[in-house]
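Order as written gives the chain letters A, B and C; numbering starts at 1 within each chain.
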Amino acid sequence: MMASTQKRAEYRLLFKQNVKRRLLINKIALGAVFCCVVLALIPLVSILFEVFENGLSALSVEFLTQPPGAIGSGEGGIGPAIQGTMIIIGMSSLIGVPIGIMSGIYLAEFGDNRLGRTIRFFNDVFMEFPSIVLGIFAFLTIVLLLGHFTLWAGAFALSLIMFPIVARTTEESLKLVPLTYREAGLAIGLKKWVVTVRIVLSAAKSGMITGILLAVARIGGETAPLIMTVLGSSQFFAGLDSPMDALPLRIWRLSLLPYDSAQAQGWGAAVVLIIIILAVNMGVRYYFATRKRKGLLSKLLGGYRK
Amino acid sequence: MTAMIDMQDARADIVKDAPNYKMIAENVSVFYDGIQAVKNVTMKFREKSVTSLIGPSGCGKTTFLRCLNRMHDMTKNARVEGRILLDGQDLYSKDVDPIYHRRKVGMVFQKPNPFPTMSIYDNVAAGLRLNGVKDRKILDEIVEDSLRMSYIWDEVKDNLRKPAMELSGGQQQRVCIARALAIQPEVLLMDEPASALDPIATQKIEETITELAKEFTIIIVTHNMQQAVRVSNYTAFMYLGELIEFDETKKIFTQPRNELTAKYVKGQFG
Amino acid sequence: MLTNKKGERRFSSDKIFKIAATVSGVYVLVIIALMVFQLYFESHAVWEREGLDFLIGSSWNAVEGRESFGAAPYILGTLVTALLAMAIGVPLSIGIAMFISQAPKFLAVPLGMLVDLLAAVPSIIYGFWGIFVFRQFLLDFVEYPLYDALGENSWIFLSAPFGLDIFTASIILAIMIIPTISAVSREIMMAVPHQQKEAAYMLGATRWEMFRISIFPYAKTGLIGAAILGLGRAVGETMAVTMLIGNATGPGAFPQSLFQPGQTMSSIIANEFIEASPASLHLPALIGVGLILLLVAICINVVAHILVSRMLKVKEGVVNA
């Protein structure tokens, strides 16, 4: 038997007039959630403020180009560290980018099978490996083998961070290239690899470059794997087989010294590092924000993050 | 029953008419990203009647239906203009939160969308719990009543604790109807409720609608003209965002006044 | 004949291309296998010598002749800091994801970008800022007040705060995992089908109630996956922790109170790896710690990725098909 109209009216009266309270709870939740955002942004603002506030005053031509002076003297600069960071980024890219791109091509073009899914999965898991373990691995495979510290060990360690990022962003951007491009190429009798390299890759260029730049920004700040591979040094580049300095390593060394001058130099090095990294990051974001590619970046980052 | 609702008449003095109608939409327009999807639609709905909205895909019937429940509030970049009165009260007035109205205006969607993690019982009781009903006995009572009204009680009464997702599509849809009915709405909006269902399930839903019309004001979007004929008292034909003709169902299908309507109901386009 | 030849050649150059791509793809699997093998191989000396004691022992002595290594305090240190970071970071991140997924576009886009920038800041800079700015702030506004109020009566806050301790390291970790968790949770919340949200609104739910009855239950697995992903980051994080945790060793590194210095697996490696002599047991011990860290990280991330990708694959369909 179904409820009568009268019964229904009684039901309606039963509903507590709790709407005001519910709206209040909703407001409180909304406020709390907004506070979360603010709380998370405070450290960001503080870091950027402190780094620029303390760091910019330490900058000078001498600071950027000279090797470090005597410990605690506050003289000299971070020339070798900047040089080292540039060289190591270059060398890591030399190893990591080709492997990453080829691996991305595999995932996008041939990876629709069990092996492909396995690789994609472990590629994503590998992206999250503790970087210090990658350092140990590079130390064991290269430094111990050669018997001395070498730039190649550091570059190898960082390339391990780099290639999975490049692989996933390459895969995502290749997948965005319409199938018709490939079909058109194959239809005029081009070989599959020619189609992939000449047509698909050039159509996916901007996405891939984004991936590479994001990977560069990521390894530029990496410190842990460099500790046991390039060691750190106060000298300018003296061949691939000697220790080398890098910005993050220099910041770490400076943070361990008890002198105010070392702290000031540390802020100086920090501002240089953060300018490089933010410039790359903001550059990428600006590129995607201004052109009509708004959805693209989040798609690429989707591959990077998952 | 009053005979026909003339469009000219409908545009006339809305406020004067308010007591005679459950719901009145006046000059309603909807814009998506600045593109007008519904153009100046004016319609009046009688209490305890079934009104069908028909028209080819993309004619704005679903968009219009969603206005009646302020469902566009959560669609970013959608904008609604015009007035909608429910029992004479403006739905879009700034100082009333939409949740007051949504309790009076229930909605059933095109695809069955039960909450996947909840049992059948909890699905139906979800709206009651939001409204602060905690008494077990009353919950049981209303859940049973709602399931009976949507004609699914006999099929599920022994497994109320079963996850709603384990039911067939047609059963899920009737659970969704029960869920909407449980909050004791006065108006029920249905957006092609049978489009994803097989003929038998469709027939059951239609029987349900006919029964519900004794209690509720029902507005239903359908692409199936036979369905409109079978279930509704009034039918509105929309085309390209405009309301072309609105009349008793019988008239729309036997002697339409507009040429477009005539073409459409004869199945000559759309 | 000619076409046949041509056909064969085309086949072969494509084949080479495919092989090259496949080899690059498989590279990651080879590296992972090699890594686990090599870390085990190079640390087996310490496993042989210490056996299970390496996992549960707490003495840490690298002096020749009296060598003895137990990694328990560092394993515990990693767990405590990472879990504490989760306790703080996960609710904040979910809140951020909720806000950004609901906010109008003109707010959501820049806020999302800013939170992403948190991820771009290198670990070393977090550490440097932590030592010279954040540590003092925490000491003045959190640690001393907590110690003064509760220190006498609860072991958690016992011992006078110094600022370089488990508490500081955990908070920095919490900040560092926020961008990961919030970005993934945001994506997961957006993957909840529209119909689910509408069902809640139809019942007259407020925004908050909509989250409670439709988004959270639907996205539960994915959100747990996002949190575990954050846990993985926290476990592996090295530099900022090394700089802020105070670097205790041996039994003293057992986490006893939040205001005491501690040590994590990654920080002990960062601190001692260079000084360790390859000839002694010290280096194998550190590599052994690295192996434990690696295995923990693999387990955590495998679980996290399974949960997250299952959720994101579901997206539309399945449930509402």
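In this text, contacts are C-beta pairs under 8 Å (C-beta built on N, C-alpha and C of every residue); 3 or more make two chains touch, one makes a residue touch a chain.
Just so you know, these numbers come straight off a predicted model, no measurement behind them.
Undergrad: Farthest from chain C in C-alpha centre terms, which chain would that be?
TA: B
Undergrad: Contact counts by the stated rule: is the higher one at B-C or A-B?
TA: The comparison resolves to B-C.
Undergrad: Rounded to a whole Å, what is the gap between the Cα centroids of chain A and chain C?
TA: Measuring from centre to centre gives 15 Å for this pair.
Undergrad: Could you give the separation in Å between the centres of chain A and chain B, each centre being the mean of its C-alpha atoms?
TA: Their C-alpha centroids are separated by 50 Å.
Undergrad: List, in ascending order, every residue of chain A touching at least 2 other chains.
TA: Each of 22-23 in chain A touches at least two other chains.
Undergrad: Scan chain C for residues touching two or more other chains and write them down.
TA: Residue numbers touching two or more other chains: 206, 209.
Undergrad: What parts of chain B, by residue number, touch at least two of the other chains?
TA: In chain B, 99-100, 103, 130-131, 183 touch at least two other chains.
Undergrad: In their shared complex, at which residues does chain C touch chain B?
TA: That would be residues 104-105, 193, 195-206, 209, 213-214, 217-218, 220, 319-320 of chain C.
Undergrad: Touching chain A in the complex: which residues of chain B?
TA: Residues in contact with chain A: 97, 99-100, 103, 128, 130-133, 138, 142, 145, 148-149, 183-184, 215.
Undergrad: Can you list the chain B residues touching chain C in their complex?
TA: Within the complex, chain B contacts chain C at residues 69, 71, 74, 76-77, 99-100, 102-103, 106-107, 109, 111-118, 126-127, 130-131, 165, 176, 179-180, 183.
Undergrad: Quick one: in the complex, what on chain C touches chain A?
TA: Residues 10, 13-14, 16-18, 20-29, 31-32, 34-35, 38-39, 42, 91-96, 98-100, 111, 113-118, 120-129, 131-134, 175, 178, 180, 182-184, 187, 206-209, 211, 229, 232-233, 235-239, 243, 266, 269-270, 273-274, 278, 286-287, 290, 293-294, 297-298, 301-302, 304-305, 308-309, 312 of chain C touch chain A in their complex.
Undergrad: Along chain A, where are the residues that touch chain B in the complex?
TA: Contact set of chain A toward chain B: 2-3, 5, 8, 11-12, 14-16, 18-19, 22-23.
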